[in-house]
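Dumping the structure here so I can ask a few things about it.
For reference, chains read A, B, C, D, E, F, G and H in written order, and residue numbers begin at 1 within each chain.
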Amino acid sequence: MECMIAKPSKGAAGKTGLWRTFKPIYHPERCNLCQLCWLYCPENVIDVSEDGITIDYEYCKGCGICAKICVKNAIEMVREEET
Amino acid sequence: MECMIAKPSKGAAGKTGLWRTFKPIYHPERCNLCQLCWLYCPENVIDVSEDGITIDYEYCKGCGICAKICVKNAIEMVREEET
Amino acid sequence: MVAIKDLSKEKFVLPGTTACQGCPHVLGLKALGMVLGDRAVLVVPAGCTTIIAGLKDRASLKFPLLHVPFASGPAVATGLSSAFKRLGKYGIPVVWMGDGASDIGFATLSGACIRKDDMIVIVSDNEAYMNTGIQASGTTFWKAKTTTSPAGKKEEKKDLALIMLMHRADYVATASVGYLQDFISKLERAKEIEGFRFIHLHSPCPPGWGFDSSETVEIARMAVKCGAWILWEFDGELKISAPSRPYADKSKRLPLKEYIRAQRRFRHLSDEDIKEIEKKIDEQWKALK
Amino acid sequence: MVAIKDLSKEKFVLPGTTACQGCPHVLGLKALGMVLGDRAVLVVPAGCTTIIAGLKDRASLKFPLLHVPFASGPAVATGLSSAFKRLGKYGIPVVWMGDGASDIGFATLSGACIRKDDMIVIVSDNEAYMNTGIQASGTTFWKAKTTTSPAGKKEEKKDLALIMLMHRADYVATASVGYLQDFISKLERAKEIEGFRFIHLHSPCPPGWGFDSSETVEIARMAVKCGAWILWEFDGELKISAPSRPYADKSKRLPLKEYIRAQRRFRHLSDEDIKEIEKKIDEQWKALK
Amino acid sequence: MLEVMILSFGGQGGVTAARILAIAALNEGKFAQAIPQFGAERRGALVRSYLRISDRPIRRHSSIKDPDVVAIFSEKILGIVDVSAETVVINSKEPKIKGRVYYVDASSIALDLGLISAGWPIVNTAMAGAMARVFGFSIESLKKAIGETFSGKLAELNVKAAEKAYREVKEWNA
Amino acid sequence: MLEVMILSFGGQGGVTAARILAIAALNEGKFAQAIPQFGAERRGALVRSYLRISDRPIRRHSSIKDPDVVAIFSEKILGIVDVSAETVVINSKEPKIKGRVYYVDASSIALDLGLISAGWPIVNTAMAGAMARVFGFSIESLKKAIGETFSGKLAELNVKAAEKAYREVKEWNA
Amino acid sequence: MRKILTGNYAVAEAVKLADVEFIAAYPITPQTTIVERLAEMVERGELNAEFVRVESEHSALAAVYGASAGGLRAFTATSSHGLLYMYEMCWWVANSRLPVVMAVVTRTIGPPWNIHTEHTDILTLRDTGWIIAMSENAQEALDLTLLGFKIAEQVNLPFAIGLDGFQVSHTAEVVDVPESLDGFLPKRERFFVIEPGNPITVGGLTENECSMTIRKEMAKDMERVGELVRNSGYVRDYDLVEEYRMEDAEYVVISMGAWCGDMKDAIDILREKGVQIGMLRLRFVRPFPKEFVEKLDCKVLVVDRNYSVGLGGIIATEVKSIANCDVHGIVAGLGGVDVGVDDFVSMFRKFVRGELKGWWP
Amino acid sequence: MRKILTGNYAVAEAVKLADVEFIAAYPITPQTTIVERLAEMVERGELNAEFVRVESEHSALAAVYGASAGGLRAFTATSSHGLLYMYEMCWWVANSRLPVVMAVVTRTIGPPWNIHTEHTDILTLRDTGWIIAMSENAQEALDLTLLGFKIAEQVNLPFAIGLDGFQVSHTAEVVDVPESLDGFLPKRERFFVIEPGNPITVGGLTENECSMTIRKEMAKDMERVGELVRNSGYVRDYDLVEEYRMEDAEYVVISMGAWCGDMKDAIDILREKGVQIGMLRLRFVRPFPKEFVEKLDCKVLVVDRNYSVGLGGIIATEVKSIANCDVHGIVAGLGGVDVGVDDFVSMFRKFVRGELKGWWP
């Protein structure tokens, strides 16, 4: 029975950062801290603080929603380097 | 398979006239041939003709609807004789 | 409206059925035969009609008829209607089901409706699972006593017809065994249309509701006259049907009490209860207008 | 409406889920966590969320969560809500289901609703069976291409919310992942009410509809702006919600074409098709007013 | 073991009569079993119910094919069933058939007491009274059984019906 | 029998590549089997597909645990899977790992031809081209296979991608 | 206390005695009177449970599943088509290891519609992981329902009690109803409880091995049932089987359900005629009472009131797969065809004479 | 014509070749690609059938039932939970003697949710009266589907073809697709057709005996299936079983489904090592190929990819109930746990050495 009980845990799908083709790059200088990117990031990898936002690249899938939603163009999608 | 195929047949429940406690008695002299009793007889045992109606007592269950529906009081329910 | 005299006298319900005395379903089935005649091919999910349809090798109904599992009616009709179309047959699948079948089979009903599959569905609503012994269904009248609602049903009657209307059925009507001519003219209309046609037929049941077998028609009419059951038709637009029209005017309505007090299932109701119900009836009329 | 800054930052969706990039369900689930927090106990019938919820011993969602058979969601919640009440627990059963689950489980949904059982049901509607590979559902948009409607779906989108309204649900609303704050305020309201609460959430799906993962929110908003998806709320009375209000005025609407042309599933539509749809949208607005 | 078959029309209460008599048998310190007809019958149709009474536990559950006693709730039944048993208990003003016959006008008893449902006199308790007498049960055992089955006013009326039939049932041999 | 494992991210087309190669094998007069990963994976996750090629009918249906060839559709995969096989075919500008390695820049080939879906270069046909070369298939067999899989413009582009990779794939041993 | 109760009412009494907290059920003949009686008990306050009128059997078991997952003691009842309609949920409940109890009033599967007893319906549960008991009479229906709750909660497997439609369900007989249970049914730990504040996820995608592990664990716990039945501490002693006049039997009849009473009467008659015949009545079908069948070393007749088309009687197949002696199977009384003492006398005599064919009648 | 096809596409090809007239189905992994492919064929006019998107599996089979009762050749496909959800209809269709054909892509029953192969799902049909075939590969999936229509219509029983989920359903392999059928599938008389003008009533209440008669008739017609399979006139010859290297076998493995291919490879390896081992592959589970099992006189190993909790592997039970020799059962690969050639080599060697336990792994 135990094997069918799961507990909350980050990375249920592994390091989903690997899925990225494009990477969101944050430009704090343009940011107005509206938090829309936080609200609409489906992966919940954006954290907000008084200083701006941080993106957890280990899990960010690079969907690009944050960049689209940001009216300030403070997030930019750039092609992921193959490493 | 054949035993689960049925064909239309009167008296699927037997001679349902036996179920009667009260019996509808027709008084042709009061009848205006409106046919309401025919329309509302659930057992479909009333037949109409130019001369009036006939009730098939073999199957009439004595529900009493015909008597109630008849505005002319041309059908009367009487206690069935035990025979 | 067809005059009674001009209605077909061919018998599709054969005397000597297993139905109880004064059974409302049989009245509905009679009307069906008058209008659809041998075009009707019946699909009958479990219910009183399972019994009414006959025993052993004797069928009480002169329709081709498939008995089907409780939840499956409209889906079976989907298959049948496809067969009739492909094989060029003039049959119309008619799902003749109880209110109970519309509970368990509601997904099936809903599915056939949104596909606009070609059939007529008639829910003959005696407001309980009668065949299994008077258990409450979704359409059981508010506060009615049944064997599974011994203190009266706590939820309001499910408004099937309005819900099917919101499904965009091609034709929707309510009807009553107390107004067979109205029902017949609705069947006439349904017969002309193609697609998914739905009729919610009010069918007071003597043993189930607790009234004398002679009163089926009267009780059905009382339901309409007190405004509790509203006859209407949606055929492009929604119209209140003739028998119900007078009762849009509240003052013309039969006091609800008379309808309630005529039935054993409501014996436990207080005057307060009746007032509460009356209020809901007013709302219902408002919603339809 | 709560300001974004004041929304709870506690994570109920944990990074690194199995959802596709830009998944709408996850957006909805995030909002759910913000409002209901640890009062939400999720009941999840089969669907994409089955996968999203985690793999093996790792759950992606920080809710207590029961995976349940496809057709069973609201009935399971009925049992759970009874347990919470009896045992004095502060949980609210939330049935988080797909549009597909609302097809097969429509009788279940309908039953729980007419019983007014205590739960919140959210149908996260991505307009197809996505988890099994984009098959058409009852709510699939009219004329949309799916793997089981390769030439476009012939039936109109089933109007779930209106149908639930006719069921007399205690609270009914439509929402959209494109307007999370609106959805959040509806969840706030639903949380306060007891009984059966229903929210129909519009959830555009990148792989299912054929648009880039970055456009989920945009497509959702376009649906509202062109009037195809109308945000409303029934809480005693029916009100069009703020984001949709401007589009009651047809002239203010985004041309439907823009919404349609942004998605691969509509690639085969002609301008005629679009006009036809536009007409239906007008009717829909009329019906709600 | 005594095996009884009850023939009644649906609505007359044959099944209830069998149950009441089973309870009465228990009150008499016996074992008993009441079996309703296994059917999907509607009100009005002919119904068979069975009753077994024994001093030892009853194990069998099959229907009774060759009853010791047949109870007939309506004379009309004679027209549709061939009744043959050592002992017959019948609702009738007269014996009506041959053999050892106990007869009682249960319909009148029920009608007089207002025991009517949907037009039918409910003759079950009256017939139970007659049968209890035939089986040699005490009237007390029967009254207790009726008391457990009905409540209030209805119990009272039914007890009256049973008592009356218990008293009035007549034996006839031919 | 040749056993091949294809490692790709969901959306890259690993499964399609296996199928195309199976058809190509059939065109070469061989028997073949293409097995997709048995999973409920979402777009983006790591996917394993399998390919068997043989001169005789293939009966087994189990997955391949010890492949002769591993094909890697993205360099990133090296970071999450331990790859060990005699022969490796990789989508890369450089060999990247040890062993007998065939490498080709399938991503660029796909991107150049506009084979992109949801941001991802669809490298399946390019990689199929490289593998076909490694397996010693004729380019004709492969082109026919692609023609059966895609239609119209898409078929054309994919054939181009396959041809290019077939030509450009390089061998390296270390 | 001795009462005259039908099998269905006996089950309802047991449910009341067990202090069940949640009931959801959907009517179907011949199960209905269980549900009606329970609705009444709840209404009258005799039983402090929630009674939910659901819209189908699938939902009945789904609601019971939810309530049980939430920690409540839960019950449902059904029959034939109802069981088939909730079939998916039956599997779900078993794999979830929830100690749900369900009465199954056996009835023939249609078409044709037929409301009479046959055991094919309850036997569709035989692979699922449900414990399956089959009562002979109203007394056992009551006792096994009570035992059911105890054992289900001990091994975390759901428990089904079969009652022959009408023959047990509607036959009123003498039943000894315990006045109280004196701690017979304490609340027990569950494998899991779904509740706010405990963010576990149950039933999601796992490794394939998990599905296998789960079945192995169920098999193991199923094996404990026999011992637990024997040592239940209930007012009456029970075992997985009943052995009747087996002492020196050369012929043994194996069967289950209501007609075993008729068979016992028939055996008594044959014994009087000097036939050394006895009976092994299966009180449980799952776990299958292997140990009792294995040790038989006589001529065995299995009388099946069920049928697996394309193979034969189901119990006969299972007995044959285990027994170390001659086993003959006969299929009888399908569709509720009445088979009584006289039939059994003649059936058993034919069997002894080696003349018995495969169907009766 | 030889093509690379998955098992699911092979089934779709067969449905097209059979000129099926009505299809209703509901998606479920791993069955979906059958349905999608058929939808596409209908859309493109390659197949002149009506394709109905229903709202559930219960409705899928109900619609197919209606179409078949109306005289059409009808098909559906499902898997695991879908099969359980339509379970009531499965019984209904069988008792109605309608020659419906259904593909069952085998999949584990949850919870936990698991989409991989296991045969427990299709075996829930084993009592119902459906003919049950189990394919080993895509070729058989196609062939058995075509045979299915023929035989179903000859004996008026529904026909289920099993395909192992993913292993057959999604594995693309070489399949020889017949160009045409040359009168292989003529239209045949049905027991009944529902149509206007023919007022028959089907399936209503009858005497109890009717239910019994119906099962007897089904049993009889089921018995004809073996002969009909052998003489079907299909382009390839088939029988209820496949015998592989059985000539002089001292050890015989009995199993069914996709992994039998792996077993054959394992048997070849062991044969090379001198072990006299062969295999009896069940191509049909119903009718159960009794005649082939009865005549075995060697050591038998049954490998079950299914489980009946409280008893054991289902095929092992059935084989044991019939075989006249030593039968050992092992339950393996539940939940889709991968079991391949190497496993079988070592499993069979353990078996030969008498060291095999009940579960693998």
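Everything below uses one rule, namely that contacts are C-beta pairs under 8 Å (C-beta built on N, C-alpha and C of every residue); 3 or more make two chains touch, one makes a residue touch a chain.
Keep in mind that this is a model prediction, so the values were computed, not measured.
Novice: From the centre of chain D, which other chain's Cα mean sits the farthest off?
Specialist: E
Novice: Can you check which chain pair, D-F or B-H, has more C-beta pairs in contact?
Specialist: It is B-H, judged by the count of C-beta pairs in contact.
Novice: With chain centres taken as the means of their Cα atoms, state the distance from chain D to chain G in Å.
Specialist: The separation of the two C-alpha centroids amounts to 42 Å.
Novice: What is the distance, in whole Å, between the centres of chain C and chain D, each centre taken as the mean of its C-alpha atoms?
Specialist: Chain centres of chain C and chain D, defined by C-alpha means, are spaced 33 Å apart.
Novice: Please report how many Å separate the Cα centroid of chain A from that of chain G, as a whole number.
Specialist: 55
Novice: In angstrom, rounded to a whole number, how far apart do the mean CA points of chain C and chain E lie?
Specialist: Computed from C-alpha means, the inter-chain centre distance equals 38 Å.
Novice: Which residues belonging to chain H are in contact with no fewer than two other chains?
Specialist: In chain H, residues 29, 53, 55-56, 58, 81, 85, 88, 92, 95, 110-113, 116, 199-207, 209-210, 214, 336, 338 touch at least two other chains, as defined above.
Novice: What parts of chain F, by residue number, touch at least two of the other chains?
Specialist: Within chain F, the residues that touch at least two other chains are 40, 42, 44-45, 119.
Novice: Residues of chain D that touch two or more other chains: which are they?
Specialist: Expected reply: 18-19, 21, 50-51, 53-57, 59, 61-62, 67, 69, 71, 103-104, 106-108, 110-111, 115, 131, 138, 206, 212-213.
Novice: Chain A touches which residues of chain D in the complex?
Specialist: Interface residues on chain D, with respect to chain A: 4-5, 7, 9, 11, 13-19, 21-24, 26-27, 30, 53-62, 180-181, 206, 212-218.
Novice: Over in the complex, which chain H residues touch chain F? Could you list them?
Specialist: Listed in rising order, the residues of chain H that touch chain F are 2-4, 29, 115-116, 136-137, 164-168, 170-174, 258-259, 261-262, 264-265, 336, 338-341.
Novice: Mind listing the chain A positions that touch chain F in their complex?
Specialist: Chain A residues touching chain F: 13-16, 18-19, 21-22, 61-62, 64, 82-83.
Novice: Which part of chain F faces chain D closely enough to touch in the complex?
Specialist: 40-45, 118-119
Novice: Can you list the chain H residues touching chain B in their complex?
Specialist: Touch list, chain H to chain B: 95, 97, 156, 191-192, 199-204, 206-207, 209-210, 213-214, 217.
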